[in-house]
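Pasting in a structure now, in structure tokens, and then I'll have a few things to ask.
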Amino acid sequence: EPIQRIISLAPSITDTLYTLGVEHKLVGITSFCPQPKSGRKIVSVGNMNPSLEALLVLKPDLVITLHSDKRTLDNLKKAGVRTLSIRNQSLASIYDSYIKLGGICGVDKAALKLRSQTKEKFAKLATTHQDTQQKTLILISRLSSSPGKIAPWAASNKSFYGEILSGLKGHSAITSDKCFYQLSAEELIQSNPDIIIILGPIALSKKAQDAEIKAWQILSSLSAVRKQEIHFITNAHIMIPGPKIQESMKDFSKVLQQASP
Amino acid sequence: MKNSLPCILSLIALIFCPLYGFSEIDIENIFNPQHQQYFIFWELRMPRIILCWICGAGLAIGGMAFQALFRNELASPFTLGISGGAALGVAILTMVEIQIINEYSSIIYSLAAFLGCLIAISFILLLHRLRPNSPISDLLLGGVALSFIFNSLILFIQYMARPDDIARMVYWMMGSMQIVGYKPLLYISPLILPAILIIYSLRKELDLLFSCEQLAATRGVQIRKNQRLIFLAVSLMSAGLVSLCGPIGFVGLVVPHICRRIYGPGHKTLFWQSLFFGAFFLCFCDLLCRVLPSQGELPIGIMTALIGTPFFIYIIFKKR
Amino acid sequence: MKNSLPCILSLIALIFCPLYGFSEIDIENIFNPQHQQYFIFWELRMPRIILCWICGAGLAIGGMAFQALFRNELASPFTLGISGGAALGVAILTMVEIQIINEYSSIIYSLAAFLGCLIAISFILLLHRLRPNSPISDLLLGGVALSFIFNSLILFIQYMARPDDIARMVYWMMGSMQIVGYKPLLYISPLILPAILIIYSLRKELDLLFSCEQLAATRGVQIRKNQRLIFLAVSLMSAGLVSLCGPIGFVGLVVPHICRRIYGPGHKTLFWQSLFFGAFFLCFCDLLCRVLPSQGELPIGIMTALIGTPFFIYIIFKKR
Amino acid sequence: MLTVDKLSYSVGNKTILADINFDLQHNSLTCILGPNGAGKTSLLKQICGLSKNKSATIKFGDEDLLAMTELQRAALIAYVPQKTSSLPDFSVREFIQQASYCHSAKTLPIDLDAILLTCELKTIEKQSLSTLSGGEMQRVLFASSLYQASPLILLDEVTAGLDPAHHDSICQLIHKTKELHKLTYLWVTHDINAALRYADRILILKNSKLIFDDTPDALKNGILLSEIFEKEFKVLSDEQGQKYLI
Amino acid sequence: MLTVDKLSYSVGNKTILADINFDLQHNSLTCILGPNGAGKTSLLKQICGLSKNKSATIKFGDEDLLAMTELQRAALIAYVPQKTSSLPDFSVREFIQQASYCHSAKTLPIDLDAILLTCELKTIEKQSLSTLSGGEMQRVLFASSLYQASPLILLDEVTAGLDPAHHDSICQLIHKTKELHKLTYLWVTHDINAALRYADRILILKNSKLIFDDTPDALKNGILLSEIFEKEFKVLSDEQGQKYLI
């Protein structure tokens, strides 16, 4: 019998389900997930580390969670609830998650469409860019929030941000096997990026952006700092590896366009 | 009255705690196997409360034994790197995507944690064996240093990990009493019951070891053997508990102190009081964790310190 | 020779450590202000090594003083909740950060950490004042309990936080010696230099306090006053260090023990040996953190325990 | 019953005990005298196994003491140390009770209350150890050694710090219990008169060597003792002809 | 120079000191005698400020001792405790050196080596405290109190555990330093003969009360002492007519 009552335990999963149009099957989401636009109120089961009982009283057919949440998966299985785990570290696995979720919710077509649509849009976006050899550094932390220190948290070419960047014919200033890591100051100076993009989950005021740019003056030898190529992508969806990556791609494209000489 | 209070409280907790929780429960539904509340009551809450009871009792007893053994007020079941070893096991497992086992099983986690503990334990035992003339306080220092090594390895793994893996490890370290069914209890009971029995049978030895090692030796306590026994019993027990529930450090440190202030240093009474008080305390904290928040539940590690510390400070610093 | 070794080593470290790092440096470029290596050498590496030097010296001295003051081997500058307070400050700020960012934001983190420490310090001082007859070991227990409260509050915040905020807090707790320019050194020196001077001037008092409180009192040590002074000096120093570099707990615990084993318990020599050995040790660990990994750098908290523990265990358990 | 054979002990290059040989008779009271630092405490510690020494032979009857476990040894030998570290807040009664550790509850030969009475500790039995006066603590330690009910009791300056009356009463108690319970005592003391009066035999240690091993009578004229202790002893006698060395 | 006025002290409902009044002459040697548990140690602790007591008046000259800081008090009063807790591994020399804390380096009136010599500690000056024998430790404590160079020294059973020769030499040292450095001693002891011989004045405590305060002569016949200690003292005398109570 088809699945009717789903609990999603990650914002990216919730988002995918909304986009696939199976919002009505969702009976529980986390407190980090946005409520649906339709105005229907879905029960929030807590944060990413929910109580088992709170899940069970919703009588779910299926609980979908991220791959890493093994304890919840295991406990649910013991309580006789079906579970599904999702990976979303890379673009490919994000696309896969569409198909997986679509399959299990009986909306395969919508999932396939979402995937091809995203890919197409991304390819189209890429045509508007040309290769400039400029090195871009993507950071997910701000300098101004670590006093007197330079230890920014960078997203490497392996992260899905890096993949978006290279899809848009950009070049990552750092290459690493690790998706995210903390750059040392010297490494940052040596990599000498032409563009710095700072990502964040919450919109930054102009004042905060100015403060951040000012904080970078300490490294005035960086060409990005000299050329004032420090950009911000700060919105609710940039950190969520779900269908909203379409928006994120556009954000990146916009920044890269701005930065082009 | 004063003497039987912890016992009574802990029994009351055992009976009443399962009745309260996230959802309300009708007593009549408890006995209807068809009803969901039957499952919630018997398969979720009951085993959980029993786990809390055992865990609280075990950690308190373990802390009591270690504080006596090492004659150091800051000793607790986790001081010697036991929890560090467990956390390291879990951290490594979180990182290594086990392709072989597609059935995600918390058993694997518990095993990894337990294995980590065993490394710590064998290291300490080795030191104890190789240096028979070192005072016990040196062993304590060695254990603390070991736990630093573990911590730094954990840090290293966290340093390599992705943000959401880090979060998972942190969640694990918050501790959780959430289990389904009685099987996990069965798994750890061969570690916990013998340990409690051993410490029960060593009450007299603890009295003497706590006083002075030389005195104990001339009165007939087999120092080295008992040290090894106590260490092994408490460590294996803690290893079992920590691999199931995560590190809940506070109970083991503080409950024995509270009981010692109230009931004196004699381990004949202290054993029972710590046992019951620890059991009650953890059940009570767990109840609050489940009842207080409007959605989800609080990690137990938060509640123990928040509830326990004010009481602890009151007991220590009240006018005498 | 044995006596001057730590001093010599720490001076060598001060001179040679800046020469090595992620990128190679040509000596001649160091004196060319136009060259990038000039910046790397003078603005990145030099202040960092100095920070390591000061920090290692300060923490070792602080640990030495606390171990003597509390007559407990497990005491360290962070035992009494200082680092917990700082971490709580940082955790809270990580959560509310976005709203208060303005031009002062660069020191706001340090301020939050420092504020957290101050809460811990004032609490302990209050206990000390309110209960003049409690033994100092009670104060230690009170401090430990306090640090448990802080930890549980941090857990609570982490529990509420988004995974990437959790990761940020964890990263902070790993500690980092990365600074740019000499300003941060200026900020913390008013906390550190007086503390070191105070402890230097209290070497004799430490000897006596470490022996026995009663003996110290009859020989003229003003017990309460000196306790307060030592506590305040070490705590403020640790607060400054922890808010700049994060909690680097190992140095303060282990370096004094190592030095005590080698140079005996007298604080007249112990002070200098701990100071220099701590300074050298942290500089050396930091060097490894910067040189070993091919990308990024290891958090200092990892290296200290990995390098320090084997040496520590060797010193403690070597045949005598 | 106790045989000490070729006992030598040194720390670093300092000799603390050099080739000590003696044996104790069953049901006798042997006193060990000797200047400070002669090695008396070290000797007792060797006998009751507190510091290990592979080379010596120390036998109790036919059994090798060094090969025994603490439990077996404690059933044979009780020890009153010269100084104790600070002890937890046990009450006097609890503390003495703990001394019976090496016996199972049923075989316990002595009554605790009787011991508390004879050692005059009944009034302070509930008091905590840390609040006792020096003399009270000494009596508590002696009472514990009695309650341990071992046939051999080693006393290390058990009468130091006792007032004259308690001093006499403990000496008499030692004498009495020796007869009553057939105990053997090895008693380190600096009180020469008590030793001369009560001891069946006296050992004298000086500079880590056993230099005298005989009955007290050989010492009563004070000549030898004056030589050993490098102090001029005066010999006084009371009406009953009992001699005292001052 | 020391005036104790209306000193009472009790713990819970147990009276430990009841209304003690006395004062000490400058440059005198006063002995405190009394049965175990009489409150002697408690009295000394009150005087040197180790347990606080608001109600009493204890004056040194005209100054209130209770209002002083530890530093001021230590410059006036040195104290040899009856028992010490276990101490860190300082060497004998270091430990004694630490006693001069209350003096700045320049004003130090006594030479450390001279003290080590007179107390016969020169040979063990490098040895660590934890390895000392009981009698050696007592001498170290006494030497420290001398090195503290305070005009008033409180001794709590400093001769307990000393061998006869060292016992005499410490007694004589007390006597000698009293004259030489114009010191004042308040000396708790159970050694009645030493007290009778060296003391200028004797205080007797019993059941928390001060029941005797006079010169030794009043005690020499032993009648009063026999009553107080509940023990029959014998009075013996040597050729010089010196009397001893046994």
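Here the chain labels run A, B, C, D and E in written order, and each chain numbers its own residues starting at 1.
Heads up, the rule we're going with is that a contact is a pair of C-beta atoms (placed from the backbone, for glycine too) under 8 Å apart; a residue touches a chain by one contact, two chains touch by 3 or more.
Chain labels with UniProt names: B, C = Iron ABC transporter permease; D, E = ABC transporter ATP-binding protein.
Being a predicted model, the structure only gives us computed values, none of them experimental.
Chains that touch both subunit A and subunit B (Iron ABC transporter permease): C.
Common neighbours of subunit C (Iron ABC transporter permease) and subunit D (chains touching each): B, E.
When the C-beta pairs in contact are tallied for A-C and for C-E, the bigger tally goes to A-C.
When each chain is reduced to the average of its Cα atoms, E sits farthest from subunit B (Iron ABC transporter permease).
The chain with its CA mean position farthest from that of subunit D is A. Chain centres here are Cα averages; for subunit D and subunit E they lie 27 Å apart.
With each centre defined as the average position of its C-alpha atoms, the distance from subunit B (Iron ABC transporter permease) to subunit E rounds to 51 Å. Separation between the centroids of subunit A and subunit E, computed from CA atoms only, is 79 Å.
Chain centres here are Cα means. That of subunit C (Iron ABC transporter permease) falls 45 Å from that of subunit E. Counting partner chains per residue, subunit A has residues 47-49, 178, 182 touching two or more of them. Annotation for subunit D: residues touching 2 or more other chains are 85. Shown for subunit B (Iron ABC transporter permease) are the residues that touch two or more other chains, namely 159, 163-164, 167, 171, 174, 299. Pairs of chains meeting the touch criterion: A-B, A-C, B-C, B-D, C-E, D-E.
Those residues of subunit D that touch subunit B (Iron ABC transporter permease) in the complex are listed here as 48-50, 69-71, 73-75, 77-79, 81, 84-85, 87-91, 94-95, 98-99, 101-102, 148. Residue ranges on subunit B (Iron ABC transporter permease) touching subunit A, taken from their complex, read 21-23, 36, 39-40, 43-45, 94, 104-106, 109, 159-160, 162-165, 167-168, 171-172, 174, 176, 178-181, 290, 293, 295-297, 299. Touching subunit B (Iron ABC transporter permease) in their complex are the following residues of subunit C (Iron ABC transporter permease): 72-74, 79, 127, 130-131, 134, 137-138, 140-142, 144-146, 148-149, 151-153, 155-156, 158-159, 163-164, 166-167, 170-171, 174, 249-250, 253-254, 257, 298-299, 301-306, 308-309, 312-313, 316-317. Of all residues in subunit C (Iron ABC transporter permease), those touching subunit E in their complex are 204-205, 207-208, 210-212, 214-215, 217-223, 225, 264-266.
Within the complex, the subunit A residues that touch subunit C (Iron ABC transporter permease) are 32, 47-49, 140-141, 144-151, 153, 174, 176, 178, 181-187, 189-190, 201-202, 204-205, 207-208, 211-212, 214-215, 218-219, 221, 239.
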